[in-house]
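Dropping the structures in below, format is structure tokens.
Below, subunit A partners subunit B and then partners subunit C, in two separate complexes.
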Partner chain A sequence: MTQKLEPVPARLRLPAGLRRFDPAVATAFGCIVALLLVGSFYSRSFLSPEYLLQQFQVGAFLALVATGMMVVVLLGQIDLSVPWIVTVGGMMSTAAAGHGAAGAALAIPFGVLCGVGLGVVNGIGVAYLRVPSMIFTLGIDAVAQGLMVLRTGGSAPQDMATPLMGQLATGHAILGMPNAVWVWIAVGTATVILLGRTTFGRSVYAIGNRESAAYLSGVHTRRIVLLAFALSGGLSALAGTMLAGYSGKAYQGMGDGYLLPAIAAVVLGGTSILGGRGSYLGTTAGVILITLLQSILSVVQMPDAGRQVIYGAVILAMLLLYGRSSRVGG
Partner chain B sequence: MTQGLVQGVPLFQMSGISKRYGGVRALDGVDLTVEAGRIHAVLGENGAGKSSLIKCMSGVVQPDSGTMALDGRPIRFPDPAAANAAGIVCIFQELSLVPDLSVADNVIIADPPRRFGLIDRRRQRQLAEEALARAGASDVHPMALVRDLPLSRRQLVEIAKALARRPRLLILDEATSALTARDVTTVLQVLKDLRASGMALVYISHRMGEIAELADDCSVFRNGRHVASFEAGTRSDAEIIEMMIGREYSHAYPPKPPPVPDDRAPVLEVRRLGWAPRLSDISFDLRPGEVLGLGGLDGQGQRELLLALFGVLRGTTGDVLVEGKPVTLSGPSEAKSTRQGIALIPEDRKTEGLMLPMSVGANLTFASLDRISKGGFIDRTAESAAIAAMVKLLAIKTASPDLPVGALSGGNQQKVVIAKWLMRQPRIVLLNDPTRGIDVGTKQEIYRLLRRLADEGAAVLLYSTDYAELIGCCDRVLVLYDGRVVRELRGAAITEEALVRGALNIDVATTQEEAAA
Partner chain C sequence: MKDWQYRLRGARTTLSAIAVFIVIFALYAAKHDGGFTGNVAQTAANKGVLLAFVAIGQCFVVLTAGIDLSVGAVFILADCLASTLVTGSPLAVAFGVVAVLVAGLACGLVNGLIVVYGRLQPIVATIATGAIYFGLALWVRPEPGGDIDSNLADAVTGQLPGGIPSSLVLLLAIILLVWVPFRRSVMGRAVYAVGSSEASAYMSGLPIRRAKLLAYGFAGLFSAVGGLMLSFITYSGEASATNASTYTLNSIAAVVIGGVSLFGGAGSAIGAVFGALIFRTINDLLFVFDLDPLWQPLFLGLVLLAAVSFGSLRLLRIRNRLELFGQ
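Moving on, here comes the complex of A and B:
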């Protein structure tokens, strides 16, 4: 019997390693280069290693938040509770720091744990109670905000960040690279392994592609969704503790600037907002792109309102672009 | 359109209508003539082309070739609205009501009366009441929400909705399948009144009793072809059934081994399984080495039975025993565990069986990740080996296991779904219409595979909408009707005639069946 095979698109005939190189990721890296070139016309310092390292350090906070967001988006869900979970992470870790030596030692784990707790509540709401994540996580964001205002009376808490938190955010312990970047690298490596090599990662992609098929394959889909939201909560809170370390203390609304950039970084990196498709490399590119965009806009003294308009416009433009090119055969 | 009947010209006529969906010929040169003031029954098995026929009539799909004529003048329906405007209205099997709107809103949804651009509620309610009265549902309050009505009342509202469009030709597809006996009587009387008023009706039903009571004309369809049309009462039930099933056998099936002895310990025992209102009082045994079929018309509870055995349905009653031990199936993850060893090849491979954009390999191993991973980490060497073994075993034609499974042909996709479950070496294999929409060659490979699984000691439970497949593959067949097992056929007693009789629940036991029982 002769083998009659379906015609195969050219890109799919490439070896596996090359095929994974999504055109969206290439586009994002291309935009990064373009931004740097545009910036270098304005000032030579845009291409200096010092400037770039500084951008990576600032970008690390966003990278942590975007990592959690990406896992949730891969499921076809979204986590809008990021801003106040970041704040909870900052405030709870500094609060623990105010309780003597033991408190100082446990400050970071305690802050992260509070974020994980809120993430678990998100997961229960979305996976078990079947509330759409867009509504439920928004509600949790409001609840977290209320709890923090209740605790602090609406002003910035007096507790200071621990030296370790400060070191993690601003220090340069190894090879002159900012510690925040090392944290980014560690979390990034772990995520690449998690998504690529574990049953959890495989299940995340499967649920994002077709939840009913994943369920009928005997995968605990609800458990996976719960874990993903817990991960997102934990990473947001970790970003919060480092952010508190960066500024020395936690303050109200410290996470407000992270929701839109995190979603933007994930989407610009080629992750489908409908779930099931996307690579961590893409999200990394998205984070760098957003961070550089922010930096350049502030250097050219663009007012905050204008910055918001440009963010929004870039995200919409990219979404339109991907919407047209992502017709996967089926 | 408003003119009276032209003498001698039928109200509606179709000639030479053909329709293809991809490679499947749904209608092949079909003729049909519908007269005003008569009820025309359309009969045929699952997949005979009845649904495609009425879709062409009502403008839902356009025929590839052939002509249609209304009052003797050629006519085309680019969309359902055009058919409605010409006076042809169809009530489909699936209810089309919006649950959160009122009965009146639903009945007058297509063209509500307007005053100053706004909907005239009082007039709308009036029209709805008239239509409900004509549909024999005057006890339904027009302002009630549809979601609060029981299913049988909803069906009457559906008829009222069709009547509100003032049809000249009304098509009813299985309009009584959801109704209780009392409501059926109401509906039948309504239909007779409509006929008396000069309306033409096309009536599709699997209930022979209703057809005998209602129909003036009958047309029988088989495999997309029009077999015969005749006046009602001129043919016996037996003759009609023979026309419906024909005598065509097109597939080769592997030979059946001698029957599994009744004293072999069953691997699966089902006792009084129920899931209100779709399943009730289902009991049977399934033995290793056996291929047990589920027959009956589409939608008599076969799918629900398979889902219940896979732990998907909540709130089932009765007991399920695996290897003699009662089990609680909390979900697919429990059902597929090594303890139970159950696999389900689901109905729709595109939404339930596969993640189409993901690779062939990832799909193949997805149900067996627990077997090829340690501590949550996937062992890539073990994974590649498992994938290669399955691609070879089922002869899956793919250039590389890294291709998205959506790039394969339908038959090869179905092989991936089956292979995905064979990788677990299940003891009980449940299959939900596994050969639907795939080519003949792959079908035959699947038949041989099922038999080999059984020979190797697995127990197979196969639901198929294709009677020929049940006859060719199964050692025993349970025929379901209205969520119950109404008949069990064995060996040589599994014939198309017996299956169709069981499916229509006609209680005429032939000597052959008595001998088998």
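Moving on, here comes the complex of A and C:
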């Protein structure tokens, strides 16, 4: 955790216009194009707008989770409580939907609020109790799982999604684009503004680079960390409510497949796992990359074993292209 | 301070893990319906050593300030390999055991090579290799099943004369034969030094690359020992994604409960073993107290949170806010 980037020597700097373009992000987008080309050899339909829009719709859930994960990773922390907070989002929103018209109207906010609540506890543990995030968020994941098991075990609670949740996940309300993609665009735009144009965003980068320096500069570091975890929890839960809408109901283990792909998407997008460096554009590229990779591997009907091996090998290969850290010593 | 006081202070976290285990296990044994018999000890030991072996493996890597998120996948891969290889004639069984262990070691070394020479962050590198190892496990055993030499399995998971669980003896033997010599060797010191400060270790001329390679190699090897034990207990192999991720995450919990610092350089494999045993015993504690099994995951999570938050008491002693940020 002690390795930090050294400043780039002046002669290696690119002109101002090009310098803003992170080579990692460029490589990630290059890999997306390469993946699509490889896919198009197999079937023409890989380049059709319908296929791509469908992939974006599926990728939107991962994108929401990865957005929250990215903010936390920028701090140099990690949020391992994603799987069960996604499930909490799905289950709590469908639970609220069982309480008449008012419940149905408040279903989504209630689900998200439950995620924010768990995220706040994560933040208290990491920021105020100074427990390493890797273990504290793991504990919150277990607690969230425990609460959900208690709720569903022994009885069959209401778990059907409201029509609004279904609409949000699968409908095409505006311009024929899936609503899930609109949610992704809205959250993405808000995050870009949040990270680039607000005190909160600049503080996140500052804390990720060196928390003590940020503290000495007057940043309320603990409050920022708390907010970042709350944001991550809320976005995971939002993904959960939409996922419940997508499949019509909430179920245990619905968030299991989102933790590792989210971390992989964030890192493939060029965000340093040590914190302080990374752009939202990169995370978007990472999400698209992971979604396409998963989709192509399933379309070519690769057996699950080969799919796992190729999935891991491709991520490794791409990381080796641009994710390497600086050398210790010489 | 005297010499022994320094040593005591260094072993404080390990000793408290042992003390907590003794208290919890005594509670468990006292409340158990059948009383404390050889069979109770055998069942408890067999369940405990699985996580204990994986936790020892994780401990080596965490000591270098790294993390290995592929231990669960290696554990499952070893289980699947064992269910196809460890069967047949005695010679074939012996070959099978060696092959499984070599495969585990190889998985660990690949992680090490990627982290050391590929210079990738351990957390992301091992997520990716974990996917690969799990894919291999699925390839070896697409459907649950397989066969294990039952003589060997019964010998390793059964009881020795006097009711002593043989899996526990195996665990003890491995700690004595591997951990104790390792801790006293130059490599052992190098692993701790890398975890404390990689740059200082490099400046002191310690073999930091070999130390890291060794740590990841051991992580793979011990996870494979755990997987081998799993196949001895279940007499079969299964490529279960749930088990893989559960064991990975529980191994992190076990090393932390066992007093190994996630920042590296502090703790011991003995602590990790007791951390794992504590974790498993808490699970069983609920059954003997007749609590609804539905409460089990919540209780486990709360205990984990309480255990890790306990370390926050040190914050009360901090005089300068800047010490909070450490590192």
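Convention: the second predicted complex is superposed on the first by the 279 of 330 C-alpha atoms of A that agree within 3 Å, B and C clash if a C-alpha of one lies under 4 Å from a C-alpha of the other, contacts with A are read in each partner's own complex, and residues count from 1 in each chain.
Going forward, contacts are C-beta pairs under 8 Å (C-beta built on N, C-alpha and C of every residue); 3 or more make two chains touch, one makes a residue touch a chain.
Bear in mind that the values here come from a model prediction, so they are computed numbers and not experimental data.
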Subunit B versus subunit C as contact partner of A:Gly176, first or second or both or neither: neither
Touched partner set for A:Ile273, first subunit B, second subunit C, both or neither: second
Which superposed partner A:His220 touches (first subunit B, second subunit C, both, neither): first
Touching partner for A:Ser212 - first (subunit B), second (subunit C), both, neither: both
Which of subunit B and subunit C A:Ile263 touches, first, second, both or neither: second
Subunit B versus subunit C as contact partner of A:Leu147, first or second or both or neither: second
First (subunit B), second (subunit C), both or neither touched by A:Gly312: second
Subunit C versus subunit B, contacts on subunit A by residue: C
Which superposed partner A:Gly100 touches (first subunit B, second subunit C, both, neither): neither
Common ground on subunit A, meaning residues reached by subunit C in one complex and by subunit B in the other: 3, 212, 215-216, 328-329
In the complex with subunit B, residue positions of subunit A that touch it: 3-6, 8-9, 12-13, 16, 19, 197-200, 202-203, 205-206, 209-210, 212-220, 276-277, 328-330
Subunit C-touching residues of subunit A, taken from the complex the two chains share: 1-3, 78, 80, 125, 129-132, 134-136, 138-147, 149-150, 153-154, 211-212, 215-216, 221, 256, 260, 263-264, 267, 273-274, 303-313, 315-316, 319-320, 323-329
Residues of subunit C touching subunit A in the complex: 65, 67, 114, 118-121, 123-125, 127-139, 142, 197-199, 202-203, 208, 245, 249, 252-253, 256, 262-263, 294-302, 304-305, 308-309, 311-312, 315, 321-322, 324-325, 327
Subunit B - residues contacting subunit A, complex: 310, 312, 331-333, 335-337, 344, 346, 350-358, 362, 366-367, 369-370, 373, 376-378, 380, 397-399, 402-404, 406-409, 420
